[in-house]
């Protein structure tokens, strides 16, 4: 286990300096939209919050973190903020494989396809789509989180944004619950699957094991909605031991503090999902990343739906 | 017995024919008042007649309930209306008016002589709810061996209308076309003794009830332990193995705001200890563990009973079980925090019993203007000096209808309700009281 | 042979035997007609019939007709278990204008057709019918015993249970004498302040009950009064009372004295000295006393800041004041430690016995809630005062009590849990530590760590002990349990009854109860007394012992064997011009057990309706059939 | 005298208390559990009624075995059970004196639902009676 | 030997909902926590109840094992919100570290 103080300070410093927890320049992280054919005007703005885009970088960094966890080298982490290397910034960007980045960009492109197929009136403005700061909140750096959230809320407010379409549970929770509470700014927030109207699908009936992320299943009480969206496409959800409000954590959030712990918790969840025998589907980039790292074939909700259109 | 040709005016109505209702009816009848008991089930006796033995004396529940059931059934001044739904209970012009519908038994109660020929003839086996679903009964049957009245009931959900019971019946009592029978009763006062049901444990999905094969509830264990039980011995449902280790999970549906049940159900500690003692008699080599938060052995002789259980070797572990799942080989796996320093622990048992809590069996809304408390039991505005008074003059309450209660406390409260109802009748109509006095 | 002892019946028995097919339940397993034929030939049998359902109206009608037209004067029905239909057939006989006790039942379903089959069943049924017939021939008409009862009840003890029972009985039109040892009404309830969890004021409750009792013309209230002698039996007791003269000035109006209760008015003609009361029923409501800790128990008597819960309640009520810190005896209290289960839940080998060798092994039931209530009140009224509760199990079992437990926790009461064999230790704090005392406890909630609780005050949650009523126990022959509380006949079948007929228990003389439960038991006891005295007489089963004075020699063996003292006695009577001693039965007291029958050397005593001769005749019939 | 009084029959008499053992025997019937048909059950309020000679007379007359089924310690008549137990001790002495096998008399407690205990008792007594009549 | 100092609960109020005292130490949070680790999180909550601040600071890094998954809060029988308390303790500890 790494000393949490070190991780928190590294992330907080990055966020202060670059508005990005890993210190990677925004234009490098957020490239997925370029071939997506998006307009800049419409009813609601698509807001990715950068979580999907970050996953490849997180996985690269945690591979290194896992290597040194519980070794004397772990203590050197506290100098990370002075020595970017594999933990932050351009270095991290450089050593993260392009194939991985493309994979996660594809998910966002699939979400766009789904929204278009549902005739949702939406637009995208890449310069406004920024990280929500949720990781600092989870780690307990309340000051850091509030400072960042205010910056972002102001920026969106100034741009006249009122309605947001989100793609991951962490960003959704931050915008829906935390922003009003800590910044006083309230947006109308919809996770994308709430807006889907996809009709009968392609006629194939399949069953999947849908992993409810904690934020959707428990904090936001939204686990029924994606299941309904799947059902519209003829996809059934196998009963998973622990789901909905009682869903089991994927272990992902522990990645930065203890990759070993993230693995243990994730493995237990994987076993529960595997018991169904159905292909595993996640709808949160953290869950997706952590469960995949444990060797499981896990697909994103949007990919499964896009394929069945 | 159900008598359809009686006077529909009574001194008192008793709503519910469990042990509280029977005791209240007997105490009213013995004072000289006429009483109508309205019971939802096909037999009086309530939950108590379904139990095995009762704490802290360990005498059999039947031995205590049956005489009270028979005494009420044979009482000159008590009329039992079974298989009846109460549709409305209102006060008008100083009297209590009840609208009741008797559900069809598809058996003429006046003709049925309880000979069971229909039951023997019926080809349809259905799970017997009176035996915790562990064994089967027939689609037409006497509800249970010591039911009162001894009248068969046909279950239309399972009946195939094959006609064998009708042909077997020596008195021509089977009537496939019987209709619900609405009727009205009036009385000077009413005593509500509608009792309890067990907690709906589905509200606690982490206990896996229904998914874990050898996880049963305490009422099912009562049947396994009962002398007239489904197997005549204790075994676990999945494979018929005699369990070597048995766990009790306390507060399964009590003291748990995550289920919306913040209150203590008052009886579960004692019934679990009782069952544990009976089990250690039936299975002398089995390990029995009770997982608890606080042992609430508060009544007369209860603490000594608890101490005896400890002396008998029953294990008590202070922990609330957090989750239950199926383990290997039919085991039930419990997760809990061992607070003695061990920390998070899992324990496998051959059989586990959920000590379910108590919830009210009756909701007066839409039937009677009685109010209920936050716990949904009948509200008693003067719990100290008038524990049996409700918000409505002339309507009294006793037993678990006014909050979880054990049998001893229920019987005392039923007596008090009969006293209060008798006083009310005396005050309202001295003639009723004097009639009672000369009866 | 012993039958010779039976006096011949006049007129001769004409026995009707009625055998039930029970719709095949009986007839499918035996030859009912064969049983009937054999019955027909039994001595004394005038008619033997069968019916598909004897319990049906036509079946009962047949019996009634045979009785009315004189064909029969004794009835035997062979059918199901007597528990099901004995009462039915006795009722049919009564409706036909005959004495219901000329009836005998043969159980040929539960004890024959459902357990044996074929010839064996037929044979056994025939034998049981013969046995029943043999008994029936020796049955005599009996009359239920009716004893006049005084429509008056005496309630002993004027705490909440006694007051409540007296009020209830008077409201049902029964005259009541309420006897109280002290000079005030209210008992231990008056020693309380507010009652948890509802917050009712004890004073209001005492005043309400006292007003109801004092205002009812049917209730005679006798304070400063004790029962010094009892006599009589159910419905007809005679109590001798002794009333002390008032100490100090007597009052003209009822007056509430805090922590003592309501002093009733003392009219000039109030009785004093010895008086007698004739009463039909007695309700014992003699209550409890609070456990007094042993010297040194948790520092009690050793350190002055160690007090009992009742003392705390009183001190807080006498100087009610809000403020940052609780003040007790003029001292600001920054921290209170409350220790549960003092004098309750004692365990042999862990807790020492008292000087008379007793341990209070029971739970006192009310102390958890009372302690929590006091703790929560301190936290709410004195936010600067810290409160710690040291407990074994929190027993907030009743309605609203678990909610109080949670409320106290949310209000900042800190809970520590100890094991019975590792009790907290109260010691003085070192001079520099700032607090008067400290309490060391191995806290199981903190993984067994030993914690030190600083305390300016230690409160002991003392339990209940029954009041000493050994005089009444002796006089009335009352059973007492291991816990020294009065012992009811059966906790569920007859929970408020003493084995002596007509004596009932209410409230905390039976077990620890809270106010609600005490009221419930009081109502339950009152309803039993009201039912008993409802019509001015008590009806008892006629199955009681009867002495044949011609045979009795006055040996007294029966009196010695009698299980219910008073039911049998030797009395002097004139026989043939000489005064001799003979046994006499008091039917109201006789249990009908027959213990006397077995020991009489002269066969001079028997139980009506089930005589030894009848049993012997049945045995003969079993052997001869 | 002793040989003449030795029981020869195989009929078993059960003295069953009306509050416990008699309803217990009924409950065996309700369960349709079979037992030997030579068992005859008499309903009694309390077996304390029967003097020593009643038992001895029964054996003399030809009863093969007697089971006294009481309520045991839960007897509604306080003290009756102990009086009964003492009396049966004296009956046993007499039986020995008359060369009657004491296994022919049993005292047992049976409650209203003691089906198995009831069956055990009557089957055991039946075994004793048939063994002794061989 | 641990001396009790319940004033710590007051200090924590600045960082979190004040629900630690609502906890009745049933251990559900610990047993349900996906970490399956010792007495976490009840241990921390118990330390808050008795005011053992030093113990919390000594063991502070453990707090970051919490994944903020919320299962403890969902299942807590007393609605004591253990998840939120742990988050509050993280905030308190960070503030301590930053002051140091």
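A, B, C, D and E label the chains in the order they appear, each numbered from 1.
As a convention for this text, a contact is a pair of C-beta atoms (placed from the backbone, for glycine too) under 8 Å apart; a residue touches a chain by one contact, two chains touch by 3 or more.
This structure is a prediction, so every number in the text was calculated from the model and none was measured.
S.K.: Just to be sure I understand: going only through chains that touch, what's the smallest number of steps from chain A to chain B?
M.R.: Graph distance in the chain contact network comes out at 1.
S.K.: Looking at the contacts, which chains touch chain C and chain D alike?
M.R.: B
S.K.: Kindly indicate the chain pair that has more C-beta pairs in contact than all others.
M.R.: That would be the chain pair B-C.
S.K.: Just by CA atoms, which chain is the most central one?
M.R.: B
S.K.: Among the chains here, which has the CA centroid at the largest distance from chain C's centroid?
M.R.: Looking at centroid distances, A is the chain farthest away.
S.K.: So, comparing C-alpha centroids, which chain is the farthest one from chain B?
M.R.: A
S.K.: Roughly how far is chain A from chain D, centre to centre by C-alpha average, rounded to an integer in Å?
M.R.: For chain A versus chain D, the centre distance works out to 82 Å.
S.K.: Using mean CA coordinates as chain centres, what's the chain A-chain C distance in Å?
M.R.: Distance between chain centres, rounded to whole Å: 70 Å.
S.K.: Mind checking the centre-to-centre distance between chain B and chain D? Centres are C-alpha means, answer in whole Å.
M.R.: Those two chain centres are 37 Å apart.
S.K.: Just give me the whole-number Å value for how far the CA centre of chain C lies from that of chain E.
M.R.: 51
S.K.: Going by the contact rule already set, what residues in chain C reach two or more other chains?
M.R.: Answer for chain C, listing residues that touch two or more other chains: 83, 406, 445, 447.
S.K.: Got the chain A residues that touch at least 2 other chains?
M.R.: If we look for residues of chain A contacting two or more partner chains, we find 246.
S.K.: Going through chain B residue by residue, note those that touch at least 2 other chains and give them in order.
M.R.: Residue numbers touching two or more other chains: 59, 206, 255, 339.
S.K.: What are all the chain pairs that meet the touch criterion?
M.R.: Contact pairs between chains: A-B, A-E, B-C, B-D, B-E, C-D, C-E.
S.K.: For the complex, which residues does chain C have touching chain D?
M.R.: Residues 2, 81-83, 107, 109-111, 114-117, 120-121, 123-124, 127-128, 131, 499, 543, 561, 563, 591-595, 597-599, 607, 610, 612, 615-616, 618-620, 622-623 of chain C touch chain D in their complex.
S.K.: Please name which positions on chain C make contact with chain E in the complex.
M.R.: 386, 388, 405-406, 409-417, 440, 443, 445-447, 449-454
S.K.: Write out the stretch or stretches of chain A touching chain E in their complex.
M.R.: Chain A reaches chain E through residues 1, 3-5, 7-8, 138-142, 214, 218-219, 245-249, 251-254, 257-258, 261, 264-265, 268-269.
S.K.: Under the touch definition given earlier, write down the residues of chain E that touch chain C in their complex.
M.R.: 1-4, 6, 9, 21-25, 39, 43, 46-47, 49-50, 52, 78
S.K.: Touching residues of chain B toward chain C in the complex: what are they?
M.R.: Of all residues in chain B, those touching chain C are 27, 30-32, 54, 56-57, 59, 64, 67, 70, 74, 113, 115-117, 150, 170-171, 255, 262-264, 266, 294-304, 307, 318, 339-341, 373, 375, 377, 383-388, 402-404, 407-409, 411-420, 422-423, 426-427, 433, 436-439.
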